[in-house]
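Listed next: structures, encoded as structure tokens.
Both complexes below contain chain A, partnered by chain B and then by chain C.
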Partner chain A sequence: MSTPQPAVVDTATAGSRDGGDAPTKRRPRTADRSHARDFSRGFVVKLVLMAVIDALGVYALFAAWNAEAWGIFAAMAALVLVANWVYFSRRALPLKYILPGLAFLLVFQIYVVAYTGYVAFTNYGDGHNSTKEQAIEALLIQNERRVEGSASYPLTVLADGDDLAFAIRTEDGDVRVGSAEEPLETVDDAVVQGGTVTEVPGYQVLDRQAVLARQNDVTNLRVPISDDPEDGSIRTQDARTGYAYTSTLVYDETADAMTDAATGTVYTPNDRGEFEADSGAKLGVGWRVGVGFENFTTAFSDSRYAQPFFKILLWTFAFAILSVATTFALGLFLAIVFNDERLRGRKVYRTLMILPYAIPGFLAALLWSGMLNRSYGFVNQVLLGGAQIGWLTDPVLAKVAVLGVNLWLGFPYMFLICTGALQSLPGDVLEAAKIDGAGRWRTLRSVTLPLLLVSTAPLLISSFAFNFNNFTLIYMLTGGGPRFADASVPLGHTDILISMVYSVSGIDGTASKNFGLASALSIIIFIIVGVVSAIAFRRTRKLEEIS
Partner chain B sequence: MATDILTTSAPEATAELSQRMGFRRWARELGWRHLIGVIAVVYAGFPIVYVISSSLSEKGTLTGSNALFSQVSLANYTQLGQTRFWEWVGNTVVIASITAIGTVLMGAAAAYAFSRFRFSGRRVGLTTLLIIQMFPQMLAFVAIFLLLIALGNVIPGLGLNSRIALICIYLGGSLGVNTFLMYGFFNTIPRELDEAAKIDGATHTQIYWTIILRLVAPILAVVGLLSFISTFGEFIIARTVLQSEANWTLAVGLYNWVSDLLEANWGLFAAGAVISAIPVLALFLFLQKYIVGGLTAGSVKG
Partner chain C sequence: MRRSIPIVAATLGLALTLTACAGSTDEPAADATATPSSDALTVWVDETRQDAVAEAAKAFEAETGTDVELVLKNFGDIQADFIAQVPTGEGPDVTVGAHDWLGAFLQNGVVAPVELGDKASEFVSTSIEAFSQDGQVYGVPYAVENIALIRNTALAASAPATWDEAVAAGQAAGTRYPILVQTGVEGDPYTYYPLQTSFGAPVFAQNEDGSYTDELTLGGEAGVAYATWLQAQGAAGVLSTDITYDIAVEAFANGESPFIIGGPWMIESFEGLDLAIDAIPSAGGQPAEMFAGVQGFYVSAQSDNALLANDFITNYMATTDAQVALAEAGNRPPAFLSAAEKFADDPIMAGFSTVGATAAPMPSIPAMNSVWAFWGVTEANIISGAAAPADAWNKMVTDIQGAIGK
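On to the complex of A and B.
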């Protein structure tokens, strides 16, 4: 997956030159001569690196071909071809430097953002996890029943490492072996004694004790009879006899309909990605289909989500703005206090004061979650003399606590940038203010602060964007809680948008998965943060620096 | 240790001054600053003192940790050896180091190209990077999760629960954030240097490796460090990708300790927190002057 560092190739050349390698040193070198045409040591190193990249690429191509993953196949092929072209052509000089980063950027940022956009318009989630083919296969397997009077076979449980397998003996005496992934296949050199299989090459025959130990795995194991799920499978209840199970559902490809063989009900696909009967009954497994803007309207108007969503949206803005405001105010105040050259021990104060900034944010959040514990925490027990204040469990106090902890975490950063900015203020302007008779407060308000904001505004806005998505702090400190009393979804008073996305996605297994809605919420955050940042860049004229 | 570039004090002058000043004037002009300084240091420092004290407490519970330094024992630290803590430390350090090195190499190479070469698509490329920078990668964790499921079916080493996949994801997010920071710094290196080297017969790669990279070392340190720190503390993607306990990073592991059983695990968590904070703290203090310079150049703690 990784692309070569062009630089690595060239170090070798550079090194050999520094070392005074005579033959290479004397060769004239002109600007239009590239390493690609130069059979130096660097070229050899490059050749080896590219060979490694190509080998990995070809391996990935074969793997993608086997897995029939055509998207990955196409992307890999493009990456390998472009890499070879870039590093062996004399034309693509800038790309040699940009490509390594660009490849990662394309796959793991641009692609995933685009894919988020796609998922936002689907009903991807629990019940709609896969493609239609996979859903049909899953339905056939899930609805397998033992058909009365169907064939039964003497069965032996086998193990191949951790994986279980079954060996059965057919009526005509053949031994067939298969596992969950491998359908049954005839094995010629198995040993049969007294009607049961006692030895199969490559497998270990499990004795009674071992079968009992893995009883659940054995009764859950399903060995397909062939590649076609409609042929059914072999299962066992007692580890001695295997029964053929076949699906009660039959899929008719031409009519694109599922028929229940037992009741005769016909299910046809609806536009929600499910099989639905005329009566309205649906089959449990669906597939993902596009649902247009439904996820977005759910966020704004579905009563289960809309109410928490607006509360959370409001709190997210409040949290981000107040976080920046409080940390900046404290940081600036301290920077002004310590901006006096006569003060002794300034270095010591500074170093001690920026310690919170050097502590990883997640540690600080976890640490404070313990200190603010209602019954046993340090704050209640020691600082407040045994008060039982619900810092993390009361809706209002939890918000105060979140802001307070973020103040502790964030003020050293603001202190640092304000100190830096204060010291780069032009002295003559301050002196002019003094001569004009401005007092300390007036100077601060009318001269220092405006000048300071010019240099710190971009940082304040990126700090806003950071806090807007400060997932770690919220998740580790309060977990979004306390929960909304009236909401049916697991969201709470201190949840911000990003932690709402995390809860809604169900990726941590605590709620049902709803990738579509989660992605739609992600897109909404993208837009908000993007708009705020765009305004920021406009204001600070950062774009003009591109020349 | 110190913020060198911030401090321009002249010790002799200060000493002289305080001798000349009466106590009243000292209190009015400097004394109150010391008072605020002490309060600020206490505010900044007491949680840290508390966690160190809890880590040394024998009881290891949250209640037992409230009396500061009532007991001093290394029980919690030795007990860490019976958990997966050190595996997590290893995972975190490896993942964060490789990410930091990769970020610096790829970001510097891209910034060099944008700063020194003139090619078609350069402006568009820079603007695109600026826009991409606005989209935090962590918001796309659902798509990342789905992408890794797909990749894992093809190349198991790059699927879910793979540390290599996690590094790749972090590297994917690195270019947008850091190239600009580096690009600005590269532009401050006079181009005459390259031209002189070119006239002397150096190739662009020689110029890059032997001249430019040495001159931009400060920004490389800042980017590397910020990348290390942010990877070290990254939680949402790490938790999405790394599923088995043996592969967890510190952020995921310690979170689980605290959220599972706050009461009983507290001493263990405190000991783990102290140890986890040390590498970042040490790096931070060691490279402080570079960071402070880098911050004013426009980066945020992640």
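On to the complex of A and C.
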């Protein structure tokens, strides 16, 4: 048996192999001979492995603690505790097998799905990128202006107990000292060396390291120039030089409102996560808020998205179904041909057939996109004698090209599983068919195919789900193009739902980011794939009744 | 012994799981444990600039006793990653970046202003203008770049004044292509922009102080005239969507055309050719004005090391030596005047600077993000003949307005 045995052949028989006779061989278990308290070599191995896991877990806990990532800390603590309980308890036999998979599932699936679900109900995207606190902070720093024509002052950071203060030297050589509460005042007995203040009575001059230790306090310190707020305040960004600033926006925490100091306009938060004035004017930076089902309705009701969405939905189904059908047909045909014992050199052929499978999909798609270039591509130049066929620029041909390349990429997989399934078909059934007088075609249709489908149907469904979201191929081959001529959003004829989501999310930089809408669309895709798979699996159960 | 095998297997599985979890928590953890204790400064750089920044960082490390941790990023990913990661606290303190990212950075509140003080006058004025918004500067520029007409002097002796002259000279040279302009099926509006402005159709209206407004100016008669011209050039075979960047650069390097419209980043592909840098010929009668692109350093709005970050970029990156090193690494003229002087004798760099003297910075307003996707494809479709020029151009203007207005 030179052909690789695909997993499918095993799955059909796996159930009976494990479940049946294994437990009966075991000695009856008594209370004090628990598998968990069996101090055999196995126990020692387990102890060592658990120690390693715990060590890693504790390391992760410390790291999460330092990073103040409490979500991760809690999840990690729970995982470590559960792992220890499961592997040292007497009662958790099934969990011992389930836990690793369960942990993977929680981390890589459930969390991701839950987070996507959360984002789908928010307006996360450009302009609504962070929390309200961060938006307020950003608005304040964006609207702090240097006093026009004001000088730059050599600055020294001082400490008065826990409070910080600034000492600056004015152009006429005076030293002025002030803190957050006390406006600047001239100090006569300060020591100045080389242009900077080195000593101020009553204050401690902070050295570089001490300043760095309190970076945020230093950059947040505003020292008023005088009692009149109009004069502005001194602040520094590098603790070496100070500049006079005035704020044009003021945030009032109790009223939760932004006031424009120059015009007196008051901005209050609206339900879209923005500060809005009564006149409807909005401040530039917003924050993330929940928007209910808006993202879901946009996908269908926004006239700019609705029409391309249904076109793309249709093409996605066509693409996924045709991809599975064509690859399976070719794979099955080749498998049957190469399964014929009269064929010489089958091993060589089979190896050659698997070659496309060995090339990474994205690389192959990229190569093909070069080979299908209208003027310089290998296909047009060499195979078609210089014909200028727009394989990737004509809407119909682009779809043909996508399906063709996917056929090239996908048939080896189908070839593999069909070969495996063919070789595991019971010979007696085929022989019986022969004796009953069935011809080749009849045998294929009534015996081989039904038996084959029992083991390959689940793989066909997963292959459908894979192609439904075959982003790599579309992105690398056509980029979704050629663009719809009649749509007002940057989507194209070969875009499938997942590449549409990518384009809508704006991560590629061609549109403003809208993670909320993209998440909503990906949830819709998830539901479609889920429903289709569920229906398909239900129908394949009928197939199993045949065998 | 036999029954312990599944346990071992399961434990191994769990070990893998947990290491996987630990792996995902590792990154923030490593940062966090390093940051508060040693005040390390995290800087995102791209491959081209890595060595130059590392060199300047050495001086900073020696003088301040602060570690600078350089994180290598793909330049194209930096903008999106910066916007996504700064609010979570996982972003860097400083990143390299292009000035036209500023609009999105401000809209998302991820970048902090930088006070250059008197140093501002030591930079090329366009570069400071490009990093300014509403009277505040948000980055320390290090390079100014723009495109120009690169001429192979062996194939064309003199600079063409107009597009038609360039095409005629190209045809007279008897090469495969009269002139090379990178296009591709998605179009390349950045490279085509000077041709468009020569018809009097810039992308956005400008205020008196040079800042951009949301008002589109690429439509109207001028825009349609440009679109019609594109179609004619496509039909004549001068412009083609099959010419991608790679194909254009390779063809020019092989001497298949006397002219290519491109930037300083192409120069290293043209070794051995005798080049001259000329102004881009006007196609529509008016001067062909290109975009100026400025590159610089941004400081994160959520940086815990704001002092160090500002100190690093204003006092260590804005120096002649650092800027010269960055210019040599990226092949782009420096933004620091004293560093730019060092390249005054370099005909290529000086050539690009001269051509770009009148260039206006590429708009950095958030609305610009909504323009690219429609602009390029429309141009490409007109050139390839897939779309009627006037209709396609007017539809594009409507679509862009729709995208901005949402």
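Methods note: the second predicted complex is superposed on the first by the 326 of 547 C-alpha atoms of A that agree within 3 Å, B and C clash if a C-alpha of one lies under 4 Å from a C-alpha of the other, contacts with A are read in each partner's own complex, and residues count from 1 in each chain.
Keep this in mind: a residue touches a chain if its C-beta (ideal position, glycine included) is under 8 Å from a C-beta of that chain, and two chains touch if they have at least 3 such contacts.
Fair warning: this is a prediction, and the values are worked out from it, not measured in the lab.
Peer 1: Contacts for A:Val197 in the overlay, against chain B (first) and chain C (second): which applies, first, second, both or neither?
Peer 2: neither
Peer 1: Which partner chains sit in contact with A:Ala320 here, chain B, chain C, both or neither? Use first/second/both/neither.
Peer 2: After superposition on chain A, A:Ala320 lies in contact with neither partner.
Peer 1: Look at A:Ala485 in the shared chain and tell me whether it touches chain B only, chain C only, both, or neither; answer first, second, both or neither.
Peer 2: Second partner only, chain C.
Peer 1: Applying the touch criterion given at the start, work out whether A:Leu477 contacts chain B, chain C, both or neither, answering first, second, both or neither.
Peer 2: A:Leu477: touches no partner chain.
Peer 1: Please work out whether A:Met500 is in contact with chain B alone, chain C alone, both, or neither, and reply first, second, both or neither.
Peer 2: A:Met500: touches no partner chain.
Peer 1: Touching A:Ala64 in the superposition: chain B (first), chain C (second), both, neither?
Peer 2: both
Peer 1: Just chain B (first), just chain C (second), both, or neither: which does A:Val177 touch?
Peer 2: In the superposition, A:Val177 contacts neither chain B nor chain C.
Peer 1: Taking the superposition on A as described, I'd like to know which of chain B and chain C A:Ile53 touches: first, second, both or neither.
Peer 2: A:Ile53 contacts chain C only, not chain B.
Peer 1: Please indicate which partner A:Ile525 is in contact with in the superposed arrangement: first for chain B, second for chain C, both, or neither.
Peer 2: It touches chain B, and chain C stays clear.
Peer 1: Who contacts more of chain A, chain B or chain C?
Peer 2: Looking at chain B versus chain C, the one contacting more residues of chain A is B.
Peer 1: Overlap the chain B and chain C contact sets on chain A and report the shared residues.
Peer 2: On chain A, the residues that contact chain B in one structure and chain C in the other are 35, 42, 59-60, 63-64, 67, 69, 72, 96-97, 100-101, 104, 107-108, 373, 376, 479, 507.
Peer 1: Quick one: in the complex, what on chain A touches chain B?
Peer 2: That would be residues 1-2, 5-7, 9-11, 13-14, 17-18, 28-29, 31, 35, 42, 59-60, 63-64, 67, 69, 71-72, 93-98, 100-102, 104-105, 107-113, 115-116, 119, 124, 334, 337-338, 340-347, 349-364, 366-371, 373, 376-378, 381-382, 408, 412-413, 416-417, 419-421, 423, 455, 458-459, 462-463, 465-466, 469, 471-472, 475-476, 479, 498, 501-502, 505, 507-508, 515, 518-519, 522, 525-526, 529-530, 533-534, 537, 542-543, 545-546 of chain A.
Peer 1: Once bound in the complex, which stretches of chain C touch chain A?
Peer 2: Answer in residue numbers: 1, 3-8, 10-22, 24-26, 28-33, 36, 39, 64-66, 76, 79-80, 83-84, 86-87, 104, 106-110, 112-115, 117-118, 133-136, 185-186, 240-242, 247, 301-302, 304-308, 310-311, 314-315, 366, 369-370, 372-374, 377, 381, 384, 386-387, 395, 398-399, 402-403.
Peer 1: Under the stated contact criterion, what part of chain B meets chain A in this complex?
Peer 2: 1-3, 6-10, 13-14, 17-18, 29-30, 33-34, 36-37, 40-41, 43-45, 47-48, 50-51, 61-63, 65-67, 105-107, 109-110, 112-114, 117, 119, 122-123, 125-127, 130-147, 150-151, 153-155, 158, 168-169, 171-176, 179, 184, 198, 201, 203-206, 208-210, 229, 232-233, 235-236, 239-240, 251, 254-255, 258-259, 262-263, 266, 269-270, 273, 276-277, 280-281, 284-285, 288, 292, 295-296, 298, 300-302
Peer 1: Can you list the chain A residues touching chain C in their complex?
Peer 2: My answer: residues 26, 35, 38, 40-43, 45-46, 49-50, 52-53, 56-57, 59-60, 62-64, 66-69, 72, 75-76, 79-80, 83, 87, 96-97, 99-101, 103-104, 107-108, 126-127, 129-131, 134-135, 137-139, 141-146, 152, 208-209, 211-213, 215-216, 218-219, 237-241, 243, 284-285, 304, 373-376, 392-393, 479, 481-483, 485, 488-490, 506-507, 509-513.
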